[in-house]
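Got some structures for you, see below.
Next, two complexes with chain A in common: one pairs it with chain B, the other with chain C.
Coming up: the complex of A and B.
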């Protein structure tokens, strides 16, 4: 315990911060996360005034011992998976910061905010056009998918990028 | 650089810079690097990230080796008191450690509890086992004692069994012996029955034979009477008939009477007469000779020599008297022979003690049977007839016997 690895130290700090000051509509399962720092379960509520108002979702974060240089594996789990153009029905999320655009300056909290903003910015509740094909052929790990961020996705990417930038600036 | 950084934070607060990669404070002890975009990181953290992606973690601007440079901030070391931020971070760290220790403690406590419960159950089991052990030991002791008792009893039983077997053997042998004796008894009984039957038959036969004999004797009597009457008549009619003729007649009648007897008796008599046994020396005794001559009268057929006559005559006369008075058959009622001293000469009276044909009893004073050593030459009828003077009379013989007996004694 005394000799914690840098990833564990950072995860512990993030967990403490998230438990102490959680963003609106985001709560972390602290007991489970403290038991196993590499597997977090985060409950998320649909932001009022959006298409997902009143809905509850469960996010799962899986970390490797190379965090924060490696991005976490983030998927929606549970019964209610949001119907969204960038969320597949198996819970995989098409989000560039989770793969190519990951930065060690990002944190669990910033990822959660990005997903909340992604959901909030949705104009129409629908599955991705290649949902059924992807669900049949994909790997269990969404990080192994070679995402092609098409037009719609790239638009969102930019918005998220701007959003995260604004967050960092605020911090 | 400090001049640049200072306006970012409030002047009242001390400056606490964070590395956004590891979320730790930037200390002067560690090498701090900044990129030309102005973001600062630990050198270690930045190097790791640059190896992956040549972009600023915070603003995604391009990063090259040239645009990275080290910072050397000067930090004031007055210990007047820690500001809230450092205290907070320390508190956070301590709390984090506390939290960790608590969780560890919880785990350990749980383990301890489980071990305690296990210990309790084990203790219970141990006590149970001990109790069981004690019970089983006592049971084993009891069983051992019982086993010993059983052994003793089994020994006894074996001894009794052996005794029983011996007794059985005895019983069987006894039974066998009993069976044998029973069989013998039965056999003997059967034999006894047979013998009694035979005896009865024999007695019956004897009775028949006696009857026959009696009837024959009756006939003889009749004949005698008739002869007597005839004699009387003849005497009356002709006085001149010689006595010898009468004698011959009487002899004939006698012969007839003898012939009338059963043939078996006759053969028996013959056997006795002709026997060579030293116990039956009929032919040596004058009496027997007389009897023989009576049956086969030599006087009639052959002329007797004077010496023979001398022996024969007195014997004959005595026998004749006897035959007339009693019956001539030897199987008739055997009367003890009596010596007729009146009519006989003194020379032969010793030999006429018993009727030789009537019985086998011998005079006690005459040990002829006891000492048959002096074998005298046997006298057959022929022999006697040829050399009648050999013995020189019964008197000489008796004298010889006396001498021998004296010598023996």
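Coming up: the complex of A and C.
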């Protein structure tokens, strides 16, 4: 087998740790991830005592060969997308550490913990106010969205020279 | 706008992470039509002979600082010994502050490997030095080393800010806490460095840095700031709005 690249080494190390000591309510599909280190499926359970108690969600993590310098592409997939003011019905998540505030010192585990905490602190289950427009116009890759992180999610969308860019603004 | 950003990114990526030594007068070519800057380049050349450019990717302060300091350590064994102790203990400090050992150690290991290689030749004869200098230059232009060093120094900077958050809070504009500032402006790659980053890193590693500020301001002189104040500067950097390069006397 060819020597592992730095990103594969790092992913392998993260996968082992996540399988051995997963955060509460988080399970990684280890077999699938071992087959293809750049695509992980993670199961997440709603935390007891929160609005999402009893619900089950599935997250998909995609990594490039520049991970951990490039942030992972993280989306909710499957038939239960959490109804939350920062989660679009297509599974895209408006969370700053997934784009602007990503740091190579963060990890799959810290992303999972942030998402658990984002869901757990929710006071009212509802979609972002601009959900239907965003879902119709956004790129398939949420990292291509220019998100603005200030409070509530809402976004402005415009097209320049055939390049589309959506700006999601939380007021 | 996106197209423009793509173009900027392409230009930036064509510039080496850390360039070769150039004579300072190479700066004049950039400012042939600009009398203010030309006067300032002249002032600068009364104190410095060479410049080494870094890629303008937002990491330039960290890259310029570490390159210039490690290069200095090659000729200063006493300073190396002092620094090695600080560098060696820095990971434990970060872990004690709550940074995850799991990810920090990867960056620390690459960083300390590069530092130790400098230490093997620090203060030795010129033949050995040239070899390590070449190696240092090669590593700083290889992302697998260079970016790991940048990440590690970003974490050390963040650690210093968090440790003395009461002091550093005064430097942060707006309503952000030190922790929020660290997460948004220090720990992520490609975020530009300001005074606060320089003050924190120079204090954390106890390394004197002199920054020459060259801008459109009045007068023909290039103003210098020393960090920490009063320290003997071992690293000399040129700041032009948004960018740092290395200066050599």
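Everything below uses one rule, namely that the second predicted complex is superposed on the first by the 149 of 171 C-alpha atoms of A that agree within 3 Å, B and C clash if a C-alpha of one lies under 4 Å from a C-alpha of the other, contacts with A are read in each partner's own complex, and residues count from 1 in each chain.
Everything that follows uses one rule, which is that contacts are C-beta pairs under 8 Å (C-beta built on N, C-alpha and C of every residue); 3 or more make two chains touch, one makes a residue touch a chain.
Keep in mind that what you see is a predicted model, and the values were worked out from it rather than measured.
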Chain A superposed: clash or fit between chain B and chain C? clash
Check whether A:90 is in contact with chain B, with chain C, with both or with neither, and answer first, second, both or neither. neither
Figure out whether A:131 sits in contact with chain B (first) or chain C (second), or with both, or with neither. neither
Based on the superposed arrangement, let me know which partner A:105 touches: chain B (first), chain C (second), both, or neither? both
Which of the two partners, first being chain B and second being chain C, lies in contact with A:6: first, second, both, or neither? both
Is A:16 in contact with chain B, with chain C, with both, or with neither (first, second, both, neither)? first
Who does A:34 touch here: chain B (first), chain C (second), both, or neither? first
With the two structures laid over each other on chain A, which partner does A:145 touch: chain B (first), chain C (second), both, or neither? neither
Can you check which stretch of chain C gets into chain B in the overlay, out of 127-135, 145-153 or 217-225? 145-153
Taking the two structures together, which residues of chain A meet both chain B and chain C? 6, 10, 13-14, 68-69, 101, 103-105, 107, 161, 165
Report the residues of chain A in contact with chain B in the complex, numbered from low to high. 1, 6, 9-10, 12-14, 16, 34-35, 68-69, 101, 103-105, 107, 161, 165, 168
Chain A partner, complex, touching residues on chain C are 1-3, 99-100, 102-104, 106-107, 143-144, 147, 151, 154-155, 183-184, 187-189
Residue numbers of chain B touching chain A in their complex, please. 20-24, 45, 48-49, 52-53, 55, 57-60, 92, 95-97, 99-101, 103-104
Of chain A, residues touching chain C in the complex: 6, 10, 13-14, 17, 68-69, 96-97, 100-107, 109-110, 160-161, 163, 165
